[in-house]
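Both of the next two complexes hold chain A, though its partner changes from chain B to chain C.
Coming up: the complex of A and B.
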């Protein structure tokens, strides 16, 4: 009995810590999400939102060929970005985790965080100058008698934009994951004669699997919903789901149809997140 | 209704007094020209407009005279404007700048109010604009014309010649494969293609002609370089990503050409489309006298001259005194903007009958045209 009260207080302690984020999420994520779903059943009459409960918006969007085209295109681009960014980030993260000294690592972290201080929109606009037909890359190619290569308004340019957005973050998450790898395992592998390159695949990657998968998942999530790169670098050609949302709103104030697209995106993101999380934490099959 | 202004602190003087109290940082900013343009006025006139209309180069004298700040909420495209009007509380905007074809929807929605023609300088307008159809509804004035322009085909002169752009047919040429850009608004782009299809009334077409228009539009998909917002339209022509863009005109190319970009705009032989911008007083405004004074300023010779040379995008003006002032004070600009009295000018093109007034779709609803545009973008 004497220990009853302190134990209860200890139980309340973590609850008090977790309450603010819970309230925050309920207020600014769950509530708007419920509203978003609700609004997808409204109607628009003469550019004015009207409360209703009709399934016309869902039928219209889900019967539109352009919606499926946009969905496949968006999913493909986000998947490509997740794979490319994971591959590009890994050597840098590996070097920083295992080879670089503490000072180099700290400096690198500062440089990786710095891009977040500058506007993403400005960075994307500056990429236009680099990728344009008369831009820096094509001018350089012209000097050696090559090009011009069309890069702007292509999916390539969109993925370049996605990489600008996600690469620093993915390197940081991978670095965090690799820093947790027990270096004694690598030494053991080395002592047992496993070549360093092979050890990366047999020891490092399996050990950091959860973090590496989640880093790639971040790469997918951020690019799946991005609006800026597909618009300013991809030239909306073809449109992604986020552009489709903007189009529905700006062309007719059609928030309900935009909500249908948005809800579909949220469901997709949750499904991908759950799938990747279960993959990340999946145990190896028993022998 | 209480209006929420997140930047209210800026105009209430507290911040200003603190600044004026001697902040060294502000002194440095002011000295280097990075500081506020001038002390902000207590009162604001809120206008809903296409980009650039609250530029000090345009509204500066009005702000000085009345001691107000003209604050703009900017939009691109009539549907976007209607959406903003519909989702804003009454009183959010005092003046709306609209394209003529959307004035009727603003009137029908009860968003704008009737204007007294005696308040505005109709005698100064060229005859073509005295009774412009979209501005007068049931013989009542609802909007006062400010500026206009023509839409046809804009092109890079280092990629295409003047002869090649005599017809919209050049857009299907191998030479511009992957280089036909599109201003991301269905109305002007599809209007020009409707003219190419031979529709005398480009926006008043039956369903068979509309299907044919979709077919024409969709056949351009392999030629497309992308779909551009207003800023991107400028940058795509500048970077060369777009070699030609239908449905835009001088309003984009005049400024670029002035900056040395090799671009021009033309009205092809199949015809072009006229756009107009006009100002109405919002029914929910609590500053209607100020709103009226603003429109009076914008239709005065000085307001007209400044509007013609507006830094965001140039335009033609319908006011004869505006032309006279422009020719007297900025003769080079008058020549560049083709608003001189002696040479061939913008009104000659209108007189030739190649220009059709832009309208919203007549026989189909806006949504049908919009959906076709969205479908085209995904091809």
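Coming up: the complex of A and C.
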């Protein structure tokens, strides 16, 4: 029997579990990201990538007007989506957390988790045929003598696409945050005669602040990097950063310039994440 | 039910209509006879399913997606189990960094994982292969597996393993005979969810797969062409596969949430 083996073998035991994920993620997650940064300093010479250390790609991209337009557009759309999705999700999450029965809540969670993991690409295609000039909505409007309304290839359509992506997740995260609110606080507010609607703003939202801010941040992160909605619903007018990356790689064949855009996106996302985290955990001012 | 509750439940129903409408529309119009999807509905047809059934690029894409999804599910579930057990059992310097590394990939946009993988795979001569897609997908999927298995391990009393050691079992035997059986529903669930995410993923796959297109990459290519109900048909098939996997995963989670009370 193997019990009481000398300690040398036992020392290997943690390594058997720690090393596989560590080595795998370091090799295939961190290394590619490092490559991405390095690649942004390479050169494309006669259509061939050349290892180098030049800042030309950075200068080229950062001096390009289309890059600034894309950056501002992407950031604005993602911010708008984060706000809209937070506001739209909140009543649903509130209802599920405090008012709905456990059966309804359970069923709703299944209906929220499922779309989050299924076929975003084909759902956006479906929205395309719903919103198109001669699509479902406009042909329905036509039947009653209205329309057509132009919806496709607008920022409105892009945000609708973002919402189908982010709404389920944001409702789930908000629900998680709200279910940790101390119900006695709400009872206390009610006993003190605070109307329910007011209690939402004075008790519920302040005590669930961290989770609510993180939910909105997810809404930002997911839409900031999305490629499909801005392209197929927004009509790439103007292109977003993800579209720039795909274009540089797929048609421009300029990986270094695409890397510059990608590194800029990563830095932006880390900055937003840090800012929102510090905002979420910030102590409220002296009152 | 108060009046406020009624308004809120109607609101919730409206949210679900919004979330589910694209899926319903997709499936309904995959059976529409008319080439251009609009109302009124122009009759039932299986034409578009017949069209994709005889399309060899769809067959190849389906086969590639299946290979990638199975390999991704197995590898990322093993990695996820190792990471979850590490968090459950060991304390060591740098553990926070380890967990951050293990959990972080899904927060990075897939477009960035895609181009980062492309630049890297090109250097090690793997760009354009299914292996490259599998490597990219395991990185992205392993955190989901870790989360599911970690939730299950939270219900395993930390003193059970030391009890087995005291009775003479080695640590590895204990993992095999106590921890793994206990985690079985979560492992099952992790395999299903990682397979679903991989089967559905098109961005990383698009960047690194080259000519070895997976099914979602094929759909992406079709989307860049003309509107065609074929996309509805193949989209409905992809949807059917992923929704089945996701529902299996949730049923498994539900089953272990129930058994916990009896432990």
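In the analysis below, the second predicted complex is superposed on the first by the 255 of 287 C-alpha atoms of A that agree within 3 Å, B and C clash if a C-alpha of one lies under 4 Å from a C-alpha of the other, contacts with A are read in each partner's own complex, and residues count from 1 in each chain.
By definition in this document, a residue touches a chain if its C-beta (ideal position, glycine included) is under 8 Å from a C-beta of that chain, and two chains touch if they have at least 3 such contacts.
Not measured: the values here are computed from a predicted model.
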Considering only touches as defined above, state whether A:48 meets chain B (first), chain C (second), both or neither. first
Touching partner for A:213 - first (chain B), second (chain C), both, neither: neither
Touching partner for A:232 - first (chain B), second (chain C), both, neither: both
Return first, second, both or neither, reflecting whether A:65 touches chain B, chain C, both chains, or no partner chain. first
Looking at the overlay, what does A:94 touch: chain B (first), chain C (second), both, or neither? second
Look at A:133 in the shared chain and tell me whether it touches chain B only, chain C only, both, or neither; answer first, second, both or neither. first
Which partner does A:85 contact after superposing on A: first (chain B), second (chain C), both, neither? neither
Chain A residues touched by each partner, larger count belonging to chain B or chain C: C
Who does A:159 touch here: chain B (first), chain C (second), both, or neither? neither
Thinking of the overlay built on chain A, is A:245 touched by chain B (first), by chain C (second), by both, or by neither? second
Chain A positions touched by chain B in one structure and by chain C in the second: 128-129, 132, 134-135, 232, 249
So in the complex, the part of chain A that touches chain B is made up of which residues? 46-49, 64-66, 69-70, 128-129, 132-135, 150, 152-153, 231-232, 234-239, 244, 247, 249-253
Where on chain B does chain A make contact in their complex? 76-77, 79-80, 82-83, 85-87, 105, 108-109, 178, 181, 184, 186, 224-229, 232, 235-236, 239-241, 366-367, 370-371, 373-375, 377-379
Chain A-touching residues of chain C, taken from the complex the two chains share: 4-5, 8-9, 11-12, 15-16, 18-23, 25-26, 29, 36-40, 78-80, 82-83, 85-86, 89-90, 92, 98, 101-102, 104-105, 107-113, 115-121, 123, 135-136, 138-139, 142, 146, 165, 168-173, 193, 196-197, 200, 202-203, 207, 216, 219-220, 223, 227, 231-232, 235-236, 238-239, 242-243, 246-247, 250
In the complex, chain A touches chain C at residues 1-3, 5, 10, 13-14, 16-18, 20-22, 24-26, 28-33, 35-36, 39, 88, 91-92, 94-96, 99-100, 108, 110-115, 117-130, 132, 134-136, 138-140, 143, 163-164, 167-168, 171, 196, 221-222, 224-227, 232, 242, 245-246, 249, 255, 258-259, 262, 265-266, 269, 273
